[in-house]
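Common to both upcoming complexes is chain A, partnered first by chain B, then by chain C.
And then the complex of A and B:
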């Protein structure tokens, strides 16, 4: 038995078992017999085991340097460190689809374990099996990583050097896929709800899943930004690259869905809207894969052209067809309860949700616009970051305004407490914006500071309201606070998330506005002030690190130790990759890049110093947002593991 | 009551639409070659451009003190003088395919971002560049 044989066997097994699961789900639906549901749940278990086997087979080939299959022959190198070998599984197209299929099987399994509703179970399982079957089918018939190689080489090129340059690449794709795949569960429930005509309850039942997917997506996006910051050597964290956009679109749609789903849960409104939202969010994950794997759009992440593009486009159309077909069939039956007042929690939640939808639309438009221009006018263009920046600034400000106010307002109305809190918040906004302007900040920065203060007051006010409710029941201050924190997991978690978002916005505003970027060529031993820092170039050193060749500059920062920016040369790349030295700081980061050096005698080097304020706080904000999501979903993990009903 | 909301919605959608439309027009980056520039120089004046071509032999002038780089970019047919503030990247040399982002001012191209073709699969063609090679260069440079 070789890895190739084992892998192919596992894929066939997985495909057949998934197909069986789908068949059993359909039978359960037609025959209305719960025994078929039980059998389909078992199919979920065994098909997950099959996917795990395929995953293990590919790892087996990678870790034992077996070049007899296409994937290792094209993407593996014996010289890579062990962690790179392991992560090579998701460093190229075929392997990343295998990771996707494995995670899909995992989610199908977990979702199957806690299905209680006999009416919806067959349709939920059927949808998940359908999605899973697509991925197994792609693996088996379109991009099979286990395709045998007639004359196995003894050494391969290794994965893309950009991916080997940082350990984050072992983590970021997995987080991203956990998020993407997680959206399939609420989508499956939504499809089932439409099929079974039980329009109300699916939102509450999938709340936990939606939040888990949202948490992973958030983590994946922040991890990707951090990777970009540490590896790409340009001192930025977000470039509006098509692949970044492809991950951002589902995040925006999911965020919007989370907010209107709350309104449906509590007030029975926005049923069609929520169904549309989750369909689009799920479709967006497929859309992103299509964009980046088809060669339609050029990007750092894009893999070469291949037959995968049309296949994913077909799947995308199928998802949209199913979603909107069902929606049009049932939209006549969906009736929302009651009207809506704009100045109420649901009114502001709707407003926020619309902003998210607009943002998603803008990102889609900006990403696809080059294709439209090329089709219409024949010009080749790209849409620059300034477009996204200028449109996102006002939309972001609107979001920050709504975000502070919405959780404070009661459902359906405004009460005196909320009115008072709002007046405090708006005063803080006005005061801090004016103060920042007075201190010489630009309008954008001043507004950013004002909105941060506004949201800070909002968080305090909301906490005061929660604690006050327990105080009125006769608790002391501390006891009331603890009870509020322990009992009100959703509002408390949401507050934490909102605070994290406000902090992230502040960090983005400052890092964009006050970035200093300068470069200078220094002789060995020469001292010069670059971007306000006195630097001395001490020496240049070349190192052979086996799988790559490194040139390291030793730079002394007067009074602050030494920094070691590097250039990495990989055998498969004809230009070096910069590995900047980043020194994180509370006020700003020092980001030193070795731009170029004297290749003949090693007597000079060009150094570039980027000093960006508050970048550290962006990563802290990411951590806070994740903690907030975790605070809400954590009680559900134990229950999910037991397989009982989860409500966050 | 209803009409008020519709007007509000109309104003908001209009404002967003105006913002998007204006923003798109302002921030398009055109991918062109020197000869395409000379076909319609007026059209590209002041616009943000990603210009691709080959560094002409013997045209590189670099002042390391001021970090000012001047060279001539060619696609075999037309030539454009380029001014770039900053250091040339490690692989920058004569007859190398490069992409410069920036704007035309009169006949000179002022670049602020200089990219040497950076793909893991790309190898410069042995027998010199054709206009198609230059096109691919621009498209793939990142």
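And then the complex of A and C:
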């Protein structure tokens, strides 16, 4: 047997088994017979095994340099290092759809293991199998990676060089897809809740899944930013590129959902809003794929255009049709009641949710605006970083204000402790904003510093409140702190996440405001001050690294060692890729790029120096946010593995 | 290692500036202006990020115009005249573009109105559920009477 045959067999098997699972779920729903549910759960196990088999078959082809199938012939090279060969599976379209299908099958399996509600189980499984069937269908009929090649080549071009340039590329897409696919579980629960008319409980039941998806999505976005910083060679981490936006939209909607979901959980309100949120968040993951794989929008990420555009558009419409079709029923039947005072936890949670929804709307409109204008007026416009930066600044500030206050307030009212804490926070905001202005910062930066101080006080106040509650029960300081940390996983985790977000905002403000770029050509041995840093060009060297050529400049930074920016020449690219040398620092990063060099005699090199403050803290903030999410979900992992009820 | 230079040169000479001249030295201001302009031949990169020939040329022109004492606005206008408004990454605030610039406000108003309508409705329903004192007494009388 060859990898191609094994892969096709696995795909057919996976398609049939998934279809069987869907059929069994529908039967279980109609016949109201739990035995069909049990059978469908087995279908989830075997269809996952089939997807694993397909995944293994493609890895087999990649790792053994088998060029008899389309995917390897088009995207593989025998010269790649082993880790690149392994990660080539998700470096192009067909393979990444296979990864997506495999992860979907994994989530279907995990979700099936812990289904308890007999009324909802068939519909949850049915929805997940439906989504899974779509991906197997795409693999089998639209972009089959195992399509046989009549005359197999002996060598291929290898994956896109941008993806080979950094190990992060092996990680970032997997995290991203784990996040995207994770949203399918709360979505499936929501659909089931609407079908079974059990409108209230699904939000609490899927809290753990929502947070897991949110964590992976956050990790994926930060990993992507870091990759962009280390590889794209322009010294930035976020460019408001359509593909970045496409990953940001579901993140924003999921964040908004997380916050209104708390109001539903506690007060039974906003049922139809939450249903809308999760439908849109799931639709946004499909929308992003459509947007970036259909060629309707130009992007640096357009690694793989293919025929999947119309298929994903169809699937997107189907998701929206199902979601909003059910929603019309919900809004006819659900009669939420109750009042909400704006100055209460739920009031501020709603405010936050409002800002998240608005941000998502702005990103969608900004990304599609060039298409809209072209369709309406035939003109071409560009919407990029200068626009998004401008409009996101006030929205971000509003979010930071709400974020500090909401967790401090009790449900339904303001109490004296919260009022006192709020006055401290607002004083810190005023004081630090004024101080920064006095020290010569611009208004944006000053406000950023003020809001960071405001949130820092908020985190301390919230901790003091939690510890104080245990102190009043007669615990010592340390014991009270430990008990608070161990018992109040949700508030503590949320506090950690919020602190991470405040730090990330501060890092973004500083790195945007005080970044300095400069370019300078130096002769070998020449010394000059570039962007405030004294540099001496020591040497230029060319190296044949097998799968690429590298030109390395050795640059001495006076009193601070040497840096080695490189240019990489890949056989498949007609222009070189810069591999910058990044030196991370507590205050600022030094980012040195080899821009050009003397190709004839190697006597000069053009260097570009980027000094950006606080970028390191952005990555630290990402780690803190992830730790906070992990702090909340971690007790659930063991329970998920045992298949028992998970509550976060 | 010296032997490799001709190889690199032959394979990739076209990636370099055609004249063999080194690229010009650029102060930070150039990159700040270039980051607001689109690289005309790239897929979604600004003239500050991209290393395409056109972007390098644009950065050179910006440096040149700065040396001539032109302001950032004048420089941007120069590129708009050459390439059209498409070259600007922040569309000018007029006409249909207002829809874009006002998007945050539109979003806040539309979603805020939605939330407000929803809350008004939910509050009204709750109020309807509550009984007035007279209704309560009437019900009590009925219960006692039965």
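Everything below uses one rule, namely that the second predicted complex is superposed on the first by the 644 of 648 C-alpha atoms of A that agree within 3 Å, B and C clash if a C-alpha of one lies under 4 Å from a C-alpha of the other, contacts with A are read in each partner's own complex, and residues count from 1 in each chain.
One rule holds in what follows: contacts are C-beta pairs under 8 Å (C-beta built on N, C-alpha and C of every residue); 3 or more make two chains touch, one makes a residue touch a chain.
It should be emphasised that the depicted structure is a prediction, and the values quoted were computed from it without experimental measurement.
Trainee: Label the relationship between chain B and chain C on chain A in the superposed model as either fit or clash.
Mentor: When both complexes are placed onto chain A, chain B and chain C end up clashing with one another.
Trainee: Taking the superposition as given, does A:161 touch the first partner, chain B, the second, chain C, both, or neither?
Mentor: first
Trainee: So in the superposed three-chain picture, is A:521 touching just chain B, just chain C, both, or none of them (first/second/both/neither)?
Mentor: A:521: touches chain B and chain C.
Trainee: Taking the superposition on A as described, I'd like to know which of chain B and chain C A:598 touches: first, second, both or neither.
Mentor: Second partner only, chain C.
Trainee: More residues of chain A are touched by which chain, chain B or chain C?
Mentor: C
Trainee: Should A:386 be classified as contacting the first partner (chain B), the second (chain C), both, or neither?
Mentor: After superposing on A, A:386 lies in contact with both chain B and chain C.
Trainee: May I ask you to decide whether A:572 touches chain B, chain C, both, or neither, giving the answer as first, second, both or neither?
Mentor: The answer is first: A:572 touches chain B but not chain C.
Trainee: Go through chain A and flag every residue that touches chain B in one model and chain C in the other.
Mentor: 298-300, 358, 362, 365-366, 369, 373, 379-387, 390-391, 394-395, 519-521, 574-576, 595-596, 599, 604, 606, 608
Trainee: Using the touch definition from the top, list the residues of chain C that touch chain A in their complex.
Mentor: Within the complex, chain C touches chain A at residues 1-2, 4-5, 7-9, 11-17, 20, 22-28, 30-32, 35-36, 38, 42-46, 48-52, 59, 84-91, 96-97, 99-101, 103-104, 106-108, 111-112, 115, 118-119, 122-123, 125-126, 129.
Trainee: Could you list, by residue number, the parts of chain B that touch chain A in their complex?
Mentor: Its residues touching chain A are 5, 16, 19-20, 23-24, 26-32, 48, 50, 64, 67, 86-91, 116-118, 120-123, 135, 138-140, 142.
Trainee: Along chain A, where are the residues that touch chain C in the complex?
Mentor: Interface residues on chain A, with respect to chain C: 232-234, 236, 239, 241-242, 269-270, 273, 298-300, 302, 335-340, 350, 354-355, 357-359, 361-362, 365-366, 369, 373, 376-377, 379-387, 390-391, 394-395, 516-521, 531, 541-544, 549, 551, 569, 574-576, 578, 595-596, 598-602, 604, 606, 608.
Trainee: Once bound in the complex, which stretches of chain A touch chain B?
Mentor: That would be residues 160-161, 298-300, 304, 342, 358, 362, 365-366, 369, 373, 379-387, 390-391, 394-395, 519-521, 567, 570, 572-576, 595-597, 599, 604, 606, 608 of chain A.
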